[in-house]
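Two complexes come next, and they have one chain in common, subunit A, joined by subunit B in the first and subunit C in the second.
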Partner chain A sequence: MENIEKKMREEARRLLEEKRVDVLIGYEAGTLPLTATPCFITAPEEAERLVWNRFCNHNLAKYVHDVISQHRNSQKRVKPEDRKKKVVGVVARGCTTRSIVIHLQERQYGRDEVVIIGVPCTGYADRRKVSQALGGEAVLEGALEGDVIRAVTEGGEKKIAVADVLADNCRTCRFNNPIISDVMAGEAAPPMNPEAEYDEVTAFENLPIEERWAYFVKEMGKCIRCYACRQACPSCYCPVCFVEQSRPAWVGISDDPSDTQVFQIMRLYHMVGRCVDCGSCVSVCPMGVDLRKFLKKLDKDAFELFQNRAGSSLEDLPPLSRHRENDNEDFIYHPEIGGHNT
Partner chain B sequence: MEKRLIKKEALAGIAKRIAEDVTVYAPVRVEENVLFKVLEKGEEPLFTYQNSKNAPKNFFFPRSEVMLRYTRTPKGVEFTAEELFARDGVLMGARPCDARSFVLLDMLFDQEKYKDPYYIEKRNRTTVVSLACAKPPYRECFCTSVGGHPVDDKGADVLITDIGDVFLVEFVTPKGEKLLKYFGDQKADAASEEKKAAVAAAAEAALTWKIATHEVKEKLDRNFNSPFWDGIHKKCLACGTCTFLCPTCHCFDISDEMKYDDGRRLRNWDSCMFPLFTKETSGHNPRPTQKERWRQRVMHKFSYYPENFGAIACVGCGRCVQSCPVNIDIRKIVAEAMELA
Partner chain C sequence: MSENEAWEPKIVAIVCNWCTYAGADLAGISRIQYPPNVRIIRTPCTGRINPFYIVKALQQGADGVLVSGCHPGECHYLTGNLSARRKFAMLKRFLNYLGLEADRTIFTWVSASEGERFANVIRGVTEKVRKLGPATKLVKSL
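After this line comes the complex of A and B, so read on.
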């Protein structure tokens, strides 16, 4: 990991020195122990701030989209011949590049507007699992020593193997190496455990419908509608989210449980074929809502019905962005014939 | 002031006994979070917690609150005022920072010029029993930097302090004294007060982050247009996590909801972090980007509130520091603002 970090800094510095990017988005150490946080650098010497470690949890593609779309909007008032292109550099692992693939497929920006420093990924630590492993005690000091997290709490020093606190999405990740990149900061990482990808969903599918519904109601009951999940998601980039539209108001904004459920169901369905299982929405949620269970279900459906894995290749368009004569449609409910999956 | 001593294990039982008579709001473990909620029958309150995820402001200023209802009839629209929802209640186990947040909220909702009946009614009918931080629970705590203290009775009607082997219970206000009957009859002696003073001094010394935050106002006011504001917001996701968990944030938005002929006017929490914040009907927004919104968040807490009410609108609970998904640390922002010219 130290080598990847070193290489990543070198590449970042070079991109900035050669002015191939206007801004570079990566991670730096956070102000709290055992954290890393997104950062934006524009000067070559700032490359030393960049870190790559097991606490880099955010999908930075979200910022790539934000920066480019804000820039494009600001250029609208400039005469066409004077318009400038802004090129964004980004440190990206597998899931981040998948999100960039989705952005490219959905024509959010051009391939020439983003320069990707690809990093091989072996998974990030889930901060909730770290906290649980420490019995909820506050971390006074912490450090990463290879694949072991050393944390000092009131109760003394504890060592936690990263493997024991990996985020759920990382455990079964199928694309931990970048799908596309311009430079690579290291050799490809060994595969994770994609065979187990849908185990949890399958177990959930096998529960009686009442139990599934009860679980959905319970999880969404925790939601405080802070929208951190939506804000963190690279695929949630609508300029005005349906939640915020008022004519018509699709969904109420109060704490009525059914409004919260509607918000969640609609967001989930907007993710069909567009969720890369980066885990960002899950990791940012302050209330610990299990969003992944439902996202994974939709992902499984998209794969089984349309053989698509979101963002896994530039050529393979997402099911909702393409038309095929022979598309599977037997899940569509027909009043006389009925429908599959009902 | 009446003072009692109780066994530490007795507190949960006392909370449950009070809950037989009035509504009790207490910290309860709900899956991975400790949350303040209405204590239901058979539920165990938790008094060994660090601090709750959500701030208890919710009980006075709910996330959603109906203000009035109306019905469309052939004769026109009929309005009905919402009955002020309030019941006598006891908020048990609020940390001193959270208790102090009520003093700050009172300045706004219960001021000379404007009186907010919804807030005031609930506030008046609730007794606050606070649990001092004999040991500051988090490294992110910074109450002393913003005018608070880990063993502080501001905003509390009753203050409970862990003085080693027992809890010292102080009945700070007449409202608090009404709860005397639940706390037994072992009067506190002078020794227990000495112990409390020692606990308070140790707790204060244990806080690691200290800064003269009241001096920052002047700097902020001078630097409204400084490039300082260009850097802070960049990684901000514009979610509502910080403001929704904050005990002192109090912006709200009023909206109407209609179902067929019945409507209700609701007041919901708003957040300066949301892109829709202060967006006007015309489409114009005086705070068009996250930069202006973040400046508003800092200015509101550290300049405007001190100007309007003479107090910083932050109690140093550290919730936003801990829960911001991208680690935007308000302490760091204030510290950096102090370095401005």
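After this line comes the complex of A and C, so read on.
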């Protein structure tokens, strides 16, 4: 991991020195121990600020989109012949590159507007699991020693193995190495455990329908509709989100549980073929709603029905932006047989 | 609503202008009887139907939602129903996964010449929804 960090800084410095990028988005050490935070650097000497460790959990593709779209908006006031392009460099692991692939497929920006420093990834630590392992105590001091997190709290010093606090989405990650990259910082990382990817979904599918609904109601009951999941999601970039539209007002603003449920159903459904399982929404959720259980189902169905894995290749378009004549029709109702084919 | 004896299923049928709406017309012109539980909403094409319409209808108290359009290959806009098919395949599975009964959201094809089929679809769907009883999940209490 130290080697990757060194190589990443070198590449970042070189890109900025050669002026191949206007801004580079990466991670820097957070203000609290055992955290990392996104950072934007524009000068080569700032490359030393960059870090790469187990706490880099953000999906930086979100910021790539933000920076480019903001820049484009600002260019609207400039005469067409004087308009400038802004090239964004980004430190990206597997899921971040998948989000970038989705942006490219959805024509949000051009491939020439983004320079990707690919980093092989072996998963990040889930802050909730770390906090749980520490009994909820505040971390006064902390450091990573290889694959062990050393944390000092008021109760004393504790050592936690990274493997025990790895985020759920990282454990079963299929694409931990970048899908696309311009430069790579380090060798490809060993695969995680993608065979177990849908175990949780399959188990949930097999529950009785009333239990599934009860679980959904329980989880959505926690939601306070702060929309942090939407803010953190790289696939949520609509200029005006449906929850804020008032004509028609898609989602009610009352405290009726169904309003929250409808909001969540629609936000989740918007992720069909667009969720890369980066865990951003889960990690930012202040209430700990189990969003992944529902998002993973969409991923599973998109693969079963349309053989698509979101953002896994530039050529493979998102499942809802194309169709085939012989797509699965098992769900269609036929009155002659009084039901569906299946 | 007082009690179950007074309860009749309320079904929202979102149909396309070119096939199913014309099919419903034909059923009417041919004087084919079908249950009056259905409220028809005409849209230009099934591809026009935002899956949100379905979720929203369920929230607003519909006991069932039927979506029907042209048979694949017969779309007035060539491929509107093919992209709709993908959307609804995902939506139906997803709603069922969350715990909403599969029979509350029904998708089918009815062409402009199939008045009899339209009546059969409505009969079938009404029966299915009647068996399930009034919708309770996701319904907004007004």
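Convention: the second predicted complex is superposed on the first by the 329 of 342 C-alpha atoms of A that agree within 3 Å, B and C clash if a C-alpha of one lies under 4 Å from a C-alpha of the other, contacts with A are read in each partner's own complex, and residues count from 1 in each chain.
Heads up, the rule we're going with is that contacts are C-beta pairs under 8 Å (C-beta built on N, C-alpha and C of every residue); 3 or more make two chains touch, one makes a residue touch a chain.
Predicted model, so just to flag it, every value in this text is computed and none were measured.
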Exercise. Given the superposition on subunit A, are subunit B and subunit C in a clash or a fit?
Worked result: fit
Exercise. Between subunit B (first) and subunit C (second), which does A:256 come into contact with in this model arrangement: first, second, both, or neither?
Worked result: both
Problem set entry | Contacts of A:335 with subunit B and subunit C, given as first, second, both or neither | second
For this session: Could you tell me if A:128 is touching subunit B, subunit C, both of them or neither one (first, second, both, neither)?
Result: first
For this session: Could you tell me the angle at the CA centre of subunit A between the CA centres of subunit B and subunit C, given to the nearest 10 degrees?
Result: 90
Exercise. Which partner does A:297 reach: the first (subunit B), the second (subunit C), both, or neither?
Worked result: second
Problem set entry | Which of subunit B and subunit C A:226 touches, first, second, both or neither | first
Problem set entry | Touching partner for A:320 - first (subunit B), second (subunit C), both, neither | second
Exercise. Which partner does A:283 contact after superposing on A: first (subunit B), second (subunit C), both, neither?
Worked result: first
For this session: Please state the minimum Cα-Cα separation between subunit B and subunit C in the superposed model, rounded to the nearest whole Å.
Result: 7
Problem set entry | Footprint overlap on subunit A, comparing subunit B with subunit C | 252, 254, 256
Problem set entry | Sites on subunit A touched by subunit B in the complex | 30-32, 35, 37-40, 58, 62-63, 70, 128, 132, 136, 138-140, 222, 224-228, 230-232, 244, 249, 252-256, 283-284, 286-288
Seminar exercise, completed: Seen from subunit C, its contact residues with subunit A in the complex are 51-52, 55-56, 59, 72-73, 79, 82-83, 85-101, 106-109, 117, 120-121, 123-125, 137-141
Exercise. Tell me, which parts of subunit B touch subunit A in their complex?
Worked result: 30-33, 50, 53-54, 62-64, 137-140, 234-235, 237-241, 244-245, 253, 255, 257, 266, 268, 271, 274-276, 289, 321-323, 325-327, 329, 331-332
Problem set entry | Residues on subunit A engaged by subunit C in the complex (per definition of touch) | 204-205, 209-216, 242, 250, 252, 254, 256, 258-259, 261-262, 265-266, 268-269, 272, 294, 297-298, 301-302, 305-306, 319-320, 322-325, 327-329, 331-336, 338
